[in-house]
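The structure is given below, and queries will be raised subsequently.
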Amino acid sequence: MQGPPADPIARAARRALPATGIVLAGLTVVYAWVVWNAPPDRVQGVIQKILYVHPPLAFAAYLGFLITGVAGALYLVRRDDAYDRLASAAAEVGVLFATLMLITGPIWARGTWGRWWSWDLRLTLTLLLWFVYVAYLLLRTFTEGSERIARFAAVYGIAGLAVIPLNYFAVQLSQGSIHPENLERGSLGPGMGLPFLLGVLTTLTAFLFLLALRVDVGELRARARARLERAWARGEAA
Amino acid sequence: MSPTARPSALRAVRVEKRFGHVPALRGVDLELRPGALVAILGPNGAGKTTVLRVLAGLVRPSAGRVEFPGAPRDRRLARAHVGYVGHATFLYPALTARENLVFAARLHGVADPARRAGELLVEEGLEAVADRPAGTFSRGMAQRLALARGRVHDPAFLLLDEPWSGLDPRWAARLGERLAELRQAGRGLAVVTHDVGRAAEVADSFVLLSGGRVAATLPGPSEPEALEAVLRESAAA
Amino acid sequence: MNVFRAILWKDLLTEWRRRERVLSMLVFTLLLVVIFHFALPGGAGPANRAAAPGLLWAATLFASILGLGRSLSPELENDALSGLALVPGDRGYVLLGKATATWLILLAVEGVLAGLFLALFEISIGARAGALLAVLGLGTGGIASIGTLLASLSSRSRFGEVLLPLLLFPLLVPILIAAADATAAILAGDPPSSGSVRLLVVIDVVYLVVSFVSFEYVLEE
């Protein structure tokens, strides 16, 4: 519509779109089939299959928040809007995945431990981080001026990244985890390895696809905005 | 923290600034020298205030740079040599006039803040109201206090944005005299104004900004009529 | 250091003149204690002694929003913040001065609040008052530094008063946990766990460094 994007991040995102889209479609079919046919857990039953969804969502969410913090720091150093668009895109997609993780967590907990919410270590950490990045998006909405939005958001994104380890140690201080121990040692039950691996791959591909889409839209929007503002400026001068 | 080597000039080199996508400055070159006063003229939206804020270090240029030849390389330390009086007064209404100046003097590491504040209050004719909260001041009194605040650390370069606003004729004339004194003392000055008449009185060179560019530079003293003519010309162009 | 001292002096002088932050926070915390009393079965008394440390810190967090929200307003009135941005040297000292003033003001309020809690919940700490003060100081350090940074963001955004708690509280949760843990130990007559004290120190250092370094980017347009 408007030719290729000028900045390398948006160019990479647009080039990645078709590839990640096709891979995502293929992976989703295989993943759904494998999960459907995976043996149900002897103790937990069918509900255990959330294992193939829930932790991968968390990985993707944390990846998003990591990208937001790092891209924000890069923006402050280089002052290139492309980094800011990447940071905000990663925060939006990260919040989406964290939200899904926070929805699937209680479903699993209800089915396995009999209670919706257990204030378990990792769920609590993700909930706290979810608050941080929802606040990050609100800060972007309530601030005026694209340059100030980028600067303020970058500062908050870095603070949000710093709080992750602090939250970890603090929540650990307040309670122990009731998460399945076998998961922590990385030993999945027989027949669980493949669907879990496919879950991680599919979720990360979905993450990359949405991130690329969001970066591309952000870049198009910025260009449209630039044309509009330049037109206003010309109108004022005339 | 006494100012080490004073810079021999304050220079904007091909400075550009965009707010969002709208360019405010499109490559401005400007130099302030000790003992000289540059008047920066131009229509609304020409970028006059922005160029002053860039020189003061309040706005980071999108491209280009600000140089202080002869000063410490660290830009953050070079700020010690610049004074800036903007549209807003930078004053705290809850503090008295004297406290405002003592605070500004302490911020800048002036050796004897109380004495410096006393001197400036006398110079600006505010000694009688020195211990009244600044929030009770009239526009003109606040402007005089703001002018005192801006030069509390006796900067090598003083940047003034519409310094006559709010001043009555008597104090406006005094400001003109003060600027002449500062020039004689070897300070470099830049004044942004709409008032061509006043600019012609105090300045020895003129920079006309238009659309974020330097439209014309008049290196010598000039009559208001001649200035007006050039301004009209650059606006038409 | 000039900058730090000058701003600390100016903020404390302004507060002394108007007393608006101390008074509003004090009245607000007293109100919170009354609300806690009616919200808890058994009231704010010895029956709920175990909840006292957490409530003390919850009240502190809520009150800090009032104090932090007002901490930047004098700087915005005549664009005095630009005046502060003109200072030579590292602009982080501007934040350090303002955060230290807020730290002292918050501590004054917390002192009164802690005294009230000890009386209401009938806890006598005697010689451990110094330890309690140290924990209050450590916990409040992180609130003051990151709080001042975030207040400087929110106060220049729309709906700043609404935004500040949303930005700030998620970052204060680790302080709440560690400080309440340490306070609980002190009120129970034990030394606070080394884990909680160490975490408080780490949080203070991390938040101070993040605030100090990034304040430059908050000020420069």
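Just so it is clear, A, B and C label the chains in written order, and each chain counts residues from 1 on its own.
Basically, contacts are C-beta pairs under 8 Å (C-beta built on N, C-alpha and C of every residue); 3 or more make two chains touch, one makes a residue touch a chain.
Just so we're clear, the structure is a prediction, and the values are computed from it rather than from any experiment.
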| item | value |
| --- | --- |
| Between A-C and A-B, the pair joined by more C-beta contacts | A-C |
| Most distant chain from chain B by Cα centroid | A |
| Chain closest to the middle, measuring from C-alpha centroids that were averaged per chain | C |
| Chain centre separation in whole Å, for chain C relative to chain B (CA means) | 38 |
| Distance between the centres, which are taken as Cα means, of chain B and chain A, whole angstrom | 48 |
| Cα-centroid distance, chain A relative to chain C, in whole angstrom | 32 |
| Where chain A touches two or more other chains at once, by residue number | 147 |
| Touching two or more other chains - residue numbers and ranges from chain C | 221 |
| Contacts with two or more other chains, residues of chain B listed in rising order | 60 |
| For the chain A and chain B complex, residues of the former touching the latter | 79, 145-147, 222, 225-226, 229-230, 232-233, 236-237 |
| Touch list for chain A against partner chain C, complex | 76, 128-129, 131-132, 134-135, 138-139, 142-144, 147-148, 151-152, 154-156, 158-160, 162-163, 166-167, 169-171, 173-174 |
| Touching residues on chain B, where the partner in the complex is chain C | 1, 53, 56-60, 76-80, 82-84, 86-95, 99, 103-104, 106-109, 149 |
| Partner chain A, residues of chain B touching it in the complex | 18-23, 45, 60, 62, 211 |
| Touch list for chain C against partner chain A, complex | 146, 149-150, 153-154, 156-160, 163, 166-167, 169-171, 173-175, 177-178, 181, 193, 195-196, 199, 202-203, 206-207, 210, 214, 217-218, 221 |
